[in-house]
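Consider the two complexes below, in which subunit A is the common component and subunit B and subunit C are the respective partners.
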Partner chain A sequence: MTGWEVPIGAAIAFAGGAIATGIAQSKIGAAGAGTVAERPESAGTVIVLEAIPETLVILGFVVAAMIIIMVE
Partner chain B sequence: MLQKMMRILVVGPKKDYQRIIDVLYQAGSIHLEDAKTDIPDGMVVRPLDTFHTEELSSLLIRIRGQIQILTPVDSKKHNKSPFIDKYASLPFKDLVVTATTICDSLEEKLRSLENRKGDLDVRYTTLLRYEKIIRKISPLEQQLPTLEGFEVTILIIQKEFESVLDIIHPFLSEITKNQFEFISADLDEKNIAVITVFSKKYANKVHDFLYSKNVNEVRIPQEYTNMPLDDALTLIQADKDAIRTEITEIEAKIRDISTRWYADLVTLKILLTDFLEETSAYSHFGQTEYTFVVKGWIPKKFLPATKKALVESFGESVVVHELPDDPSRYDDAPVFFDNPFWAKPFEFFMNLVTPPMYREIDPTPLIAIFFPLFFGLIVGDIGYGLVILCFSLAVRYKFREIPWICQLMSILMISSIPTMIFGYFYGEFFGDLGEHMGWIHPITLFGITWNRIEAIIPLLILTIGIGVFHVFLGLSLGILNAYRHHKTRHIIEKAGMLGLLSGIILLLGAYAGHVPGSVTFAVIALMLASIACLIYGGGSRGVIEVMGTIGNIMSYARLMAIGLASVILALVANRLSHELGILVLGIIVAILLHTLNIFLAMFSPSIHSLRLHVVEFFSKFYEGGGVPYKPFGKERL
Partner chain C sequence: MDSGYVNARIRGMYSRLLDKKSLSNLILKPDISSLITALEETSYHEDLERALVGKSGLGGIEEALRLNLIRTIEKISEFLQGEKGERYILIFSSRWDIHNLKTILRGKRIKVPTMQIRENLVPAGEFDVSLLSELLKQPDVKSVIDLLATWEVPYALPLTQAFPDYTAHGDLFILENALDRFYYERALSLVGGKSVEEGKIREIIGTEIDLINIKSLLMMFRDHVDPEDALPMLLDGGKVFNQKKLKMLLNLGSIASLIEYLEETPYRFLSDLRSSEGDTVKISTYQHLLDEYLIRHAVRLYRGDPLSVTVVIGYLWAKYTEIMNLRIIARCKNALIPPEDMEAEMVYV
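For the complex of A and B:
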């Protein structure tokens, strides 16, 4: 039987990754929108760049899942 | 993979140079190089006599202008117009004369019609404005003084500058010796209409003052003043009707001209643009006293057809000389992707990076293998796979004339097959619907039941394992690329990276008890040797990069994480519809949620699979910076 601290811990792990990804993506997105406006042919590259910080939230998700599974 | 390129020199009699250029242009296979440099056997090649393109450019501008005025006549039919054959067979000079004659004959007529139509459009818009203003001020008509010798002027002021009225008022009062009226009403959401009535003897001073203050003054034309506003509105309506009728007549005339001439002008435009493009390449050609010289790269598979076309037109008088294979020229060679049909659509992704160098490995076939695999691993649902397959087939059929959509849909189509295979593996058909109905169950393999919700850790290990394989493959290709470019340090650096990563994995294996402890010393020795290689090959940066590469491998965990998010959304769709308790409502909710999930499943896994290739995989071997193959060729009519 696990207490409230397990889901809270998992939530913090996930939220940290999500917030960091959000901050990074907002900056890349703003710069990317400017780039695409100037050079529409770079849209594909910008989409890939926009996906790069998602590693953080995915790792946060993995850690959260592992906290829940392993502690149980 | 990249097609082998041949470097060739085409030499022919100078008198035939125009025809030789035509044949090469039609063949559309040579990537031109400057023919005046690097010529063997001490030939002195001079630039070709300059061709004046100004006349042709101005003729094209005229044709484009006229096409813009005309109404397009069924764009599909005009491609098959019989005029194409008529014009295409004309020699260049006759073509220019014909185009000029047609342009001259149409120009005056079209210009006068267009000008008249433009004037009428402006007048119509102005009338609409007057009408709007008059409609607004008509309720105020009763308040206006009906004195002879007074002038009515309307001012339009933006609401945000309403305070300007307080400034204008005392000035008008001073100019007109207080003989004026000042009535305001809202014109629309943004503007206020202000009617000023003042003695005509002050008119000039008032107008000068308003002009100096930049106030937007609307003067109702003479023909609509001096009459009740209702009559003015009726008159404006009549004028508007007359203008519309005349515009319709003009449009009918333009349509008549379009029916006869649109296809001709479009055909002439295409032919002359082709010719202009052809002549723009003239700076690449060269000449000697008696010969005309063209130099360039050609894909090996196109060489026989090009030779044949030249022999058919000129017999033995034009020679195609294959220049000797010179590795020092490889960096200048353009790259031409020539992949098998199953890898062809994935060339689309190569547009995201600069083309590979000629000696580099073309990663397209590898993308064609791993992209669908990753996509399938993430989405992994038989039902979703079927929907994606049908969707991609339908969109591909609907937009079969747009190449990039066809390519994208082909990629989705190919990716839907592993999606169904992994769906069978995970036992998923629209989430857990198939399992609930007893149609399908997760496969048990290596003692693990591959139900994605329960087998999170095994899936995580599997995806990290895939990451290790993919990154190791990238590093191995990096060694091969470095070997082709004779870069010894790069070879040693990448081999060091491979050794160090292998050592870390073996140590982890030993720690977990999967690798015998007796190899530990050998592993540590391997790691030390690898670190030495890394420092020799890449300096301190080489060692730091180990952390980056481990991060790259961990990044493959997304294959599990995004897939898990997708399957949880599918479960939510099924559970929610079940909880609702009303069959029809439940089915609708399930369809909506699954549709949303499928669209997300088409987008997100594609982006992430692509990212794993471009960021994690390419960074291990791909250099890029190659020259794309751009053949000197003709736009097909």
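For the complex of A and C:
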């Protein structure tokens, strides 16, 4: 089974993670901008919080890679 | 603007409000100059720097507090510009238009010098500095109303309607009452929808109207005002008291009966005070309790839905209370009033 289903499956896994990360980062980014505007000293924390949703897209990438490598 | 952004900014601003401990430290300052030094270490330092250029002592603090309030409302209006929440903020900021108009009308009525009137204005509402300056240039009450009508300012309508009555009786309260009525009718019409946040804001406005009516009733009973003359002075649209109930309250005829009646309403705290202190309670004590109730109720909005505009309204009330508390401290320091009496006048949120 190495037809079109494998790349489509991998693409869905990656795209799902990427879209979810985008949504989460936009919300955190907006709130983070507000926080930094009022309390510039919290910029470090905001950057860390902004990066946390990246784990979702990395997870999506790993799953996509596993699909391509492992499914034969 | 994203509600997360607005909420984060408001929370940042709220975190800079002075807590009870900081206010208690300010109360214990020995004099005005040490109070100024302490305030310079708070979020008021920028406004104090500006204010102390032209004024010193109590005048400087009052000017700084005024500048800070204007700056806060302008800042919030800026990041809510074009948003649905902007019109709810308008309800809060337009109370400064009413304050400014009443100040100008009172000043013009008793011929106070323009500079003195200007010092008491807070251009934090729809009226900008240029409009207020033009109003201040007018020689009398009638010219102020005429100018408002020429510029098609909404407040011209109630004032023009009430003006013949004012000319007949010569009582400025008629114009002030017309302005209050217009303000509350307009405020209630802005939150006539069915959304949860509109419901909450409507409830606060209704409570405020009830409390104003209770305060008016207390003073009317004290001064033995005829119920027939008193009814037009009371405001419609309260949360608990409608016109019919107000008429009934007016017929109670005494402060004791009014307080007793309030036992069955959300304002029963007045009767609790009366039962513990007896009939010797001053009207000013009741008024202070009513103000405290409204402030606590309004500030509670800050802790509601974090993605709603009610957070902003709750913050504005908390900021207003802080400024009022600082003004009390500054004035009491100036008049050498002991800290314990000062504490009694303050409202902690």
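Everything that follows uses one rule, which is that the second predicted complex is superposed on the first by the 70 of 72 C-alpha atoms of A that agree within 3 Å, B and C clash if a C-alpha of one lies under 4 Å from a C-alpha of the other, contacts with A are read in each partner's own complex, and residues count from 1 in each chain.
One rule holds for everything that comes next: a residue touches a chain if its C-beta (ideal position, glycine included) is under 8 Å from a C-beta of that chain, and two chains touch if they have at least 3 such contacts.
Not measured: the values here are computed from a predicted model.
In the three-chain model built by superposing on subunit A, subunit B fits alongside subunit C with no clash.
In the superposition on chain A, contact of A:Thr45 is made with subunit B only, not with subunit C. With chain A used for the fit, subunit A forms the apex of an angle whose arms reach the C-alpha centres of subunit B and subunit C; rounded to a multiple of 10, it measures 50°.
Counted by residues of subunit A touched, the larger count belongs to B, out of subunit B and subunit C. Within the superposed three-chain model, A:Glu54 lies in touch with subunit B and out of touch with subunit C [touch as defined at top]. Once the two complexes are overlaid on the shared chain, A:Ile69 sits against subunit B while remaining clear of subunit C. In the superposed model, A:Thr35 lies in contact with subunit C only, and not with subunit B. Of the two partner chains placed by superposition, only subunit C is touched by A:Lys27; subunit B is not. Closest approach of subunit B to subunit C, taken over C-alpha atoms in the A-based superposition, is 6 Å. Taken together, the two structures place no residue of subunit A in contact with subunit B in one case and with subunit C in the other. Those residues of subunit A that touch subunit B in the shared complex are 44-45, 47-48, 51-52, 54-55, 58-59, 61-62, 65-66, 69.
The touching residues of subunit B, when paired with subunit A in their complex, are 349, 351-353, 456-457, 460, 551, 554-555, 557-558, 560-562, 564-565, 607-608, 610-611, 614-615.
Taken together, the subunit A residues at the contact with subunit C in this complex read 27-28, 30-35, 37-39.
Interface residues of subunit C facing subunit A in the complex, by the touch rule stated above, are 2, 4-9, 11-13, 15-16.
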